[in-house]
Structure formats: structure tokens, C-alpha cells
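After this come two complexes, each holding chain A, first together with chain B and then together with chain C.
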Partner chain A sequence: MNATMIDLKWIPRALGLGLLAFAIFGPLTNLVLWAVAEKWYFPHALPLQYGFSYWVSVFSPRGNATTSLTMSVIIACLTVVFSIGLAIPAGYALARLKLPFRGAILLVLLIPQAFPNLPVYVNIARLFYQIGLNGTVVGVVLVHVTHGLVYAVWIATAAFSAIDRELEEAARSMGASALRTFRDVTLPIAAPGLLASAVFVFLESLDEFTGTYFVGAPDISTLPLLLYTAGSGGNYQIASITALILLLPSIGFMLVIERFLRADVLSKVGR
Partner chain B sequence: MDGYLDISQTRVRYGDAEILKGIDLSVRKGEFVALLGASGCGKTTLLRTIAGFNTPTHGRISIGGRDVTRQPPDKRGMALVFQSYALWPHMTVDQNIGYGLKLRRVDPATARQRVDEMKGLLGLQMLGQRKPAELSGGQRQRVALGRALAISPDILLLDEPLSNLDARIRLTVRHEISALQRRLGITAVHVTHDREEAMVMADRIVIMNGGEIAQTGTPQQVYNQPNSDFVAAFMGAENVVEIEVNAVWNSLEIGEGPHNRAALINRGERPIVSGKAIARFRSEAVEMKSAGEPALSGRNALVLHGTVVQVSYPGGLWRHVVHLGEVSLIVDSQTRFDEGAAVEIAVPEAALYIFPRH
Partner chain C sequence: MPIPLLGLLLVMPALVIVLLLFIVPLVSSITGAFSVDGRFGFANFQKAFELYSSDIVFTIVIVSLSALLIALLSIAIGGYLTLGSNPRAVAILRWLYRWPLFVPFIVVGQILRTFLAKNGLMNSMLMQLGILTPMQTTSFLDWRGIVIAFVWKQTPFVTLLLAGAMASLDRSMIESARNLGASRLRILIEIILPQVLPTLLVGLILSFVTMMSVLSVPLMINAQSPTMLTASMAFRINAYGDYGVANALGVISLLTTSLVAWVYLRQTMREHR
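Moving on to the complex of A and B:
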């Protein structure tokens, strides 16, 4: 008697959880179904025919996916190299040196995010057009770097701030020069945080659409651009397959970040 | 100055605050000096200045005649053991201890031998491959010490290295460190706020107060001949009584007060004081009797009379809280006196520290 009463209380909770699961996994299931559907039209609830012929065409030498994927990865890697290359000295300076306007500098990095994207990118595109950067990899990478630098610098600053200054002083006391201390002590200890910020920047770059569209198209095609073209052309199979390809690194890297970005670093973000 | 480490007229500022107000200190080669003081007295700042992490605004620091005032920490040939140990978490015990040798380009075989020697000396043989996170507090402390000793520093600097250890381990490590320092003949400067630690470990104690040196001397000197009210209080003479004194030749006349008898004591090494003064003494350095018994002699001792208000037994001696009107004293005695008992306390002249009252 008593047991059934307790059981009944679970029903609303189970319903709630079920709805939540549907909200999260429903679109994903739809995506997966579309990626393997050969034939699917209204009013059928499920595809009429399954197959991988669209996958074959996406990855065929004639399909654009492989080139777009390669381009996306190249741009993302270059963005990471640039952003982290800038974020290491910048983050160290912000974390360790007594800089005036430290808070203001951190805030300035946020500005590209603070304004509506479209006018910013239209203006960048106009500027880049004048100096011949439009439609080049360098142009797209620069746009992505302005975007990625926020994550990179903020997380790098947090990663360096989380390191106890005495660890560096101990190295100096043992006879290491400032540079040697940075190489042997600071950098290895900050490495997990820096790796996490690199992953963030990589994912941001992989996903970035607006800036790439204005500065890169039509010469540069990345996966999001391909997704947009396929989606607006009503080609849901190509769009879904592209979306799945974009999803994989995100999930993989989220696991990496979860492992490497420690609480003591996270607590220092933006300080 | 004939010292090995010479510090002269050194002043250090942090922003607007002057932390060190002109320090003069000379440390002989092989000497173990303890910087003792309450928190905020500037002792850690002085140590960090010696190590090169603070730059003095004024003054000069030299080692064996070599001026190092403006040299960075890595050029000074010192090794600092931090209160937090500051072991590098990404390196093993072996790598931590061997890091200084790696920097000095010692060849790997010799370096390994030296690291093993350090581990043997400190009882860390089995722990070479562990990371600092896998060690106990005492083990980390020894790794920090091993890392500093491995490079055979000219001067070993210790910043409260024992304060993070359990009380029991602390007692043994004290003796280990000072035995090691004597065996290796290293010059050492040790910062501590623990009076007993300084007394047990150091050849010479430097008591600091408010960015200045209050007194320098052997443990016996600072304990038995404090030169100021501050040092007397810091060295444990916490009982204070206000008296009137008059210096006559080599004697001090103590006038009769509301809670003390008139007395005449030898001036000894004391500075000449006349007029209002304060007397300090340690709780265990006195003789206590019931008021009814034959009176204690006022010759060569200060006799106080009061009432016992509290008795406890911390071990060894009975501890009494005795009230002299407004003044509260703590007095230890072999025998127990009941609460409410009227007592007489005799402070022998050797245990009585008298300073002028302002």
C-alpha cells in the first residue's frame, strides 16, 4: 500500500525527465535520421528508405565536404596557433604584472562580442576588401582570432593566476633565470588550462559562420558555410551529415575540457 | 664587520608603508640565525630581501664581501625553503631535488648520485618517483629541504618551514634540521614566530618588532637579559606589575605600593630607572606562599600580595590566576592554593625585569 503511494510520486518527475530528454535528443535523432535517409517526405513519420548514398556523395572527390572540412580544420588550427601565441604572453602579463587598467584590458577583448555581429563583420569585410584580405585564409583566420582571443586570453590569464607565485620564486631561488622559470615551471603547470582554451578556440573557429561568410565567401568554404548552402537549398541530407561532422569534434573536445579545466582555474576566469 | 652575510641600513617599502626601517645584521659563516617576531614584524620581508625577492630602497646586502643588493635571486647562491614548500607539482621528488643541479649543468650521473645522497640524508629513499601530491606534510617538507641542500647553497634561508607540520613531527624535525645544518656547516637564516623553535635551533636570535631589530643575542641572552619591555613580554615574561623605583648606587629601591612591599634589589645589568616603572616576570620564576605564614623577605626580591581566583593543572606545576586589585597575574607553583586564598608572591631579583613606564 505504502510502496505504491511512493511509486506514484515518481510519475510527474519521470514525465518531466522524459520531456527534457525529448527536447535534447529529439532534434539530434532527427538529425541522425536525416543523415541516413534516402527518401523521406510528408506525411510519413519515419524515412521510407535508408542508405548511405548521400554520405558517399558528400565524401566523393566531387563533393565539397572534404575540401570544406580540410579548410575548416586548417583555419581552426591557424586560429588556435595565433590566439594561443598571443594569449600566452598576454595572459601571463595580465596575471602577473601590475598592469594599470588590467580590468579595462580584459573588457576590451570582449568588445567584438558586445556589439551585434553583422555590422561588425560587414565593416571588417569592407576594410579587408580594401587591403585585399577578403576571400583569403589569412582574412578569415584574423576574424576568427578576434573572436577566439577572448576565450584564449581570459582562460590563459586564469590559468596563470592560479599558479602559486612561490612555485616560480622557488625556481628563481634554485638559480633559474626568469625565462627558464617560465619554461620549466610556469608553462607546464599552466598547460592544462592553456590546452582547454585552445580547444575552446578550435571549436569556436569550427562553428563560426557570420564572419567567415562576409570575409571568406565565396572563395573560402568552411563546413558551416556548406551546411548553410545545403540547408537553404533544401538538401537536408547533406546539411545533416555536415552537422554531424561538426558535432563530433565538439563532443570529443568537451570531454577533454571536462578533464583538464580544473575548478581552481575556472574560479579565476575574469578576475 | 667580520660577517659572511652583511646587511646594513636596509630599508624596504611596500607602497606607502615602510616594512623594514633600517636593518643592520651580520651573520658569520656557518652560523644559524633565527629571525623571531610576531606576524607583521617584517621578518619574512627581511628574509625575502636577503633572497632577492624584495629590493631595498636603501642600504646594502653583501655575501662574503660581494655586493648583491641589486642582483636577481638566481645570481645570489642562496636557497630558500618556503613555508608552503613550493614543490613543483608536475615533477617527481627526484626531479624536484635534482632541478638545481640540472640548472648548473651537473652531468646526469653525478646529479643522480647527489639526489640519492640527499634522499638518504632525509629518509626519502623509497619516494623518488612520487609526485608531491602523493606525499605527507612531513615528507614534502623534507623534499623542500633536500631540494635546497642539493645545490650546496652558500646560505640556506628557511621561511617558517615547520609551521605547517603537526606539533609532534615539528619537535623531531627541529632537531633534524639543526643537526643537519651543523653537520654540513651551512650558514642559515631561519624565520619563525615560535619562540621555543628559535631557542632550540638557533645559535643567535634576532628579535624583530615593527620593522626594526629589537634585540640580538644568544638564546640565553635574549631570554635572561631582555633589553626592552617588548622583548621581555615576547620572551614569555607576561606578568606585569606597576611599581615606583629609585636608583641608588648599585641598588634599586622599590617603593611600597598598594599590592607590593618595599624592597631593595641589586641593579645588576639593568638600565638606571627612577620613578614610574613596570616590572615583568615569568609565571614559573616565583615563589608563592599563604599570606598567614611567616612573611617572605623583601631583600633581593619583590613581594606582591593578592588573591587566588582560579586554579588549574596543565601538568607539572599548578597554575593560579592571582588578582592584585585590577591586575591579573598567572603564577605557577609546586603546591596548590585554593580559590579565594590570600597569597604572597616573591619574585627573585634575577627573574625581575624592570623598564621605565611612559
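Moving on to the complex of A and C:
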């Protein structure tokens, strides 16, 4: 009796989970199919011919994707260096030191989260145009830093506040200077959280479209811009291959995020 | 050096970047909206309402509808993760729901454009299963496509926050309610939901602002009128170089979100006290 009850309960469960799986993996499967489809038209449910000829042309040394991929990675690395470099001192101060105007500082750091950024990018583009930063790597990096910095400061603050104060106090009482305590005690303990925030900022920069569209295009082409142009040109194979390149690091991060960000750090993000 | 001054010095570089590259352009978008040929005036707003009032309504309706669907789905998923009786089903759901979490919007736009099209995989599969005939297929690449894209991408984010808050609740009250014979749906609605409401609200507000900022999804999925305000702003600038009307539309979207953001900032600042 009990066994049949359990079996019956799997019918609604399997139905619900199956629908969800279809909603999530259906579109993803479609992307993978487009990336390896040579010929595919209506009303055929599946591609008529599979192959990698589009991959060859995308990754040829003179192909657009190679240029865009290099550009994307350069911009993302610079963004990480700048954002984390600024976020470590700021996060430490917010987590550990007595700050005057603390409320106002937090407010300024929260505002980019609370307003749509497109009107801001439009006006940055206008400003950058006047000072010659439009269409330059520096201009795009600055836009990405502003966006990534807010997350980086939040995660860094959370990582520093999760550290037991007594460890630092023990080091200080044994005669270590404040700087040495920070370098040898605080920073190594906070490292996993900071690494997670670096990966996060890297991905945000890699995936950023709107800011690059206004500030960088057409001189700077990143992968999202290439995806957009290829897609609007009706070239779904190139667009899907580019999308797949963007997708892999994002899904990888989703699968490992919990190893980097422990629950005690995660619970302090945004607090 | 006194500690407060040192702290200020450490925060300053990050603060200056945000001030110069976010707050200043934000202010200039507002002043730009009211500037007509170098003077103060409302002509930009007049033109914005004349040309784009349907886009304004469209945007608010789409984003609110998406937020509502995201709320319902994340409560359902989070609730099952917390109250589900079968550990295997809970584990499968936990593994399943978060896949779209870090998928960039531009990729969401591309995959749903091919999936939801008249000749996309969704219709093909429904045809193969005999549910639809080729004549009955329709394209979902209109307002429905935008809503699907937003819900697909943002539900895992809100669910992640919500499930975390639900997991950290005190189990004893839930257990005693179960022992008294309360149904799981009733426990979810009457005991769990009121306690995690602030988290749900923060997640929804962040999603609201995100959806108001996304340019790629409306450009890729809804290439028609009416469309989202982001697409209208981009069009105004690319086609006419008309920063005045674009900024007026920007201010309208800022006002919409600031109404919502005000709630969020108040909530977060209160937690920092």
C-alpha cells in the first residue's frame, strides 16, 4: 500500500520537473543545434545536415570571432584588475573601520543597483565623445568597471566581515603591524570570496552589451556585439556559436559558485 | 593617521569612480531631459509622450507582469525546495532551476529568438508530437517573447535568494504546524511567506531595475512597435541623434524605477543600521 502511494506521487512530480526541464533545456538545446547546423529550414524539426564549417570560419585567424574574443578577454581582464584593486581597500574599510558618512557612502554604492543604467550609458557616451574616449578600450573598461565595482565592493565587504576579528587581534597582539596583519592574516582568509568576486566581475564584463553598444561600437567589437550583429544579419549559426562561447564560462561559474562563496559569506552579501 | 580618515581614504577611489561615471551622467540625463536648445523647458517630454506613450505603457505592463510571474514561480520552487517530502525530487529541482542564472541577456535573446520563432524548435516539437499542425503555429516573438525571456532569466536569481532565506528559517514552527495537520500549501502561505517577504521584495526590485535596463532582449525578440523604452531610447539616438527626447524617456524610466527603488533603498539602509 505504502509503496504504491509513493509510486503514484511521482506522476505529478515527474510531470512538473519534466515541464521545467523542457522550459530550461529546450532553448539551450536549440542553441547547440543551431551551432552545429549546416542546413536547417522550415518545416524540418531538426537540422538537415550537421557540420562544423561555420566553426572553422568563425575561428579562422582573420575571422571576426577571434578578434572579438581577444578584445573581450582583454577588456574583461583590465576590468577585473581595476575593480578588485579598488574594491579590496573599499571593502576592508566598510567592513572593519569606523567611517564618517557611512550611510551616504553606502547610498552612493547602492544607487547603480537601483536605477536603470541605459540613460546613464547614453550620457557617458556623450561625455566620452567630447573627451575622445568613445570607441577606445579605456572608455569601455571604465564603463565596465563602474558596473562591476559595485558588486566587487559588496562581495569584498561581505568576505571581510565574515572573518573572525580575534584572528586579526591575535596577530596584532603578537606585534605584527596593521599592514602585515592585513597581508598575512586577513587577505588570505578573504581570498576565496575575493576570487569569486573577481570571476563574477570578469563574467559581467564579458557579457556586457548595453554599455559597449553605446560607448564602444563600432570601433570596439566584443563578443556580445558580434552576436548581436550576426543575429540581426540573420546569420544564426555565427550568432549561436558566439552565444555558446559566452555561455560556457557562465554555466561553469554557476556550477562551482558554492565552492568559492561559502554560505556565511553569501549570507552577508548586500548587508 | 586617525582611523576615520584612513577609512575614508581607502573608500575614496571606488567612490570617485561611481560618482564620476554613474552619478554625474545620471544627473546629466535629468538636466538633459529638461534642456531645450540650451534653455529649460518641457518640449522633450511633450514629444516623448506624443511619440512613445504606447511604449511607456507597454514597458510598465511587461515589466510588472514579468515580476508577478517571477514572484509566483520563485515562491513555488522555493516552497518545494523547503517543504518537499521527497529528497530525490528536491535534489533534482535544486540542480535544475538555476541553469539560467548566469546566462547573459544577449544569449537569452538569441536562444529564445530561435526557440520561439514560428519555425523554431518549440513549434517543431509540438508539431512532431501531433499537438499542432503547421497551419496553427504562431510566432511568440512579440510581447510574450519578452515576458518569457525575463521570466526565464530572472526566476532563478529570485529563487536563489528566496530559497536561501527560507532555508535559514526556524524549522520548529514549520514542524509543529505539520504535526497539527496543516497542509504544505497553507504552511507556505501563512507561515513561511510572511517571514521571507523582505527578501522576495529585494529580489523582485533588483529584477525590476534589471528588466528596465535590458536593451538586447527587446532589440532581438520584439522588432516591432510598441516596444520597450530601452529600445526606443537607442532608436532615438541612433536614428536622430536626439538626446533630448532620449533623456526624457530616460527620466520617465528613472521615475518608474525610483518609485520601486525607494522601497529597496529604505529596506537595505534599515538593515545597515
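We take it that the second predicted complex is superposed on the first by the 259 of 271 C-alpha atoms of A that agree within 3 Å, B and C clash if a C-alpha of one lies under 4 Å from a C-alpha of the other, contacts with A are read in each partner's own complex, and residues count from 1 in each chain.
Convention: a residue touches a chain if its C-beta (ideal position, glycine included) is under 8 Å from a C-beta of that chain, and two chains touch if they have at least 3 such contacts.
All values reported here derive from a predicted model rather than from experimental measurement.
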| item | value |
| --- | --- |
| Simultaneous placement of chain C and chain B on chain A, clash or fit | fit |
| Partner chain in contact with A:251 - chain B first, chain C second, else both or neither | second |
| First (chain B), second (chain C), both or neither touched by A:103 | second |
| First (chain B), second (chain C), both or neither touched by A:29 | second |
| Which superposed partner A:150 touches (first chain B, second chain C, both, neither) | second |
| Chain B versus chain C as contact partner of A:39, first or second or both or neither | neither |
| First, second, both or neither for A:166, with chain B first and chain C second | first |
| Chain C versus chain B, contacts on chain A by residue | C |
| Which of chain B and chain C A:183 touches, first, second, both or neither | neither |
| Three-chain overlay, closest Cα atoms of chain B and chain C, distance in Å | 13 |
| Doubly contacted chain A residues - partners chain C and chain B | none |
| In the complex, chain B residues that touch chain A | 51-53, 72-74, 77-80, 82, 84, 86-90, 99-100, 103-104, 147-148, 151, 157 |
| Chain C contact footprint on chain A (complex, rising order) | 9-10, 13, 17, 20-21, 23-31, 33-34, 41-46, 86-87, 89-90, 92-94, 97-103, 105-124, 126-127, 142-143, 145-146, 149-150, 153, 203, 206-207, 209-210, 213-214, 224, 227-228, 231-232, 236, 239-240, 243, 246-247, 250-251, 253-254, 266-267, 270-271 |
| Touching residues on chain C, where the partner in the complex is chain A | 3-4, 6-8, 10-11, 13-15, 17-19, 21-23, 25-26, 28-29, 32, 86, 89, 92-93, 96-107, 109-115, 118-122, 124-125, 127-128, 134, 152, 164, 168, 202, 205-206, 209, 212-216, 219-220, 230, 233-234, 237, 243, 246-247, 249-251, 253-254, 257-258, 261, 264-265, 268-269, 271-272 |
| Touching residues (chain side chain A, partner chain B) in the complex | 164, 166-167, 169-178, 180, 184-185, 188-189 |
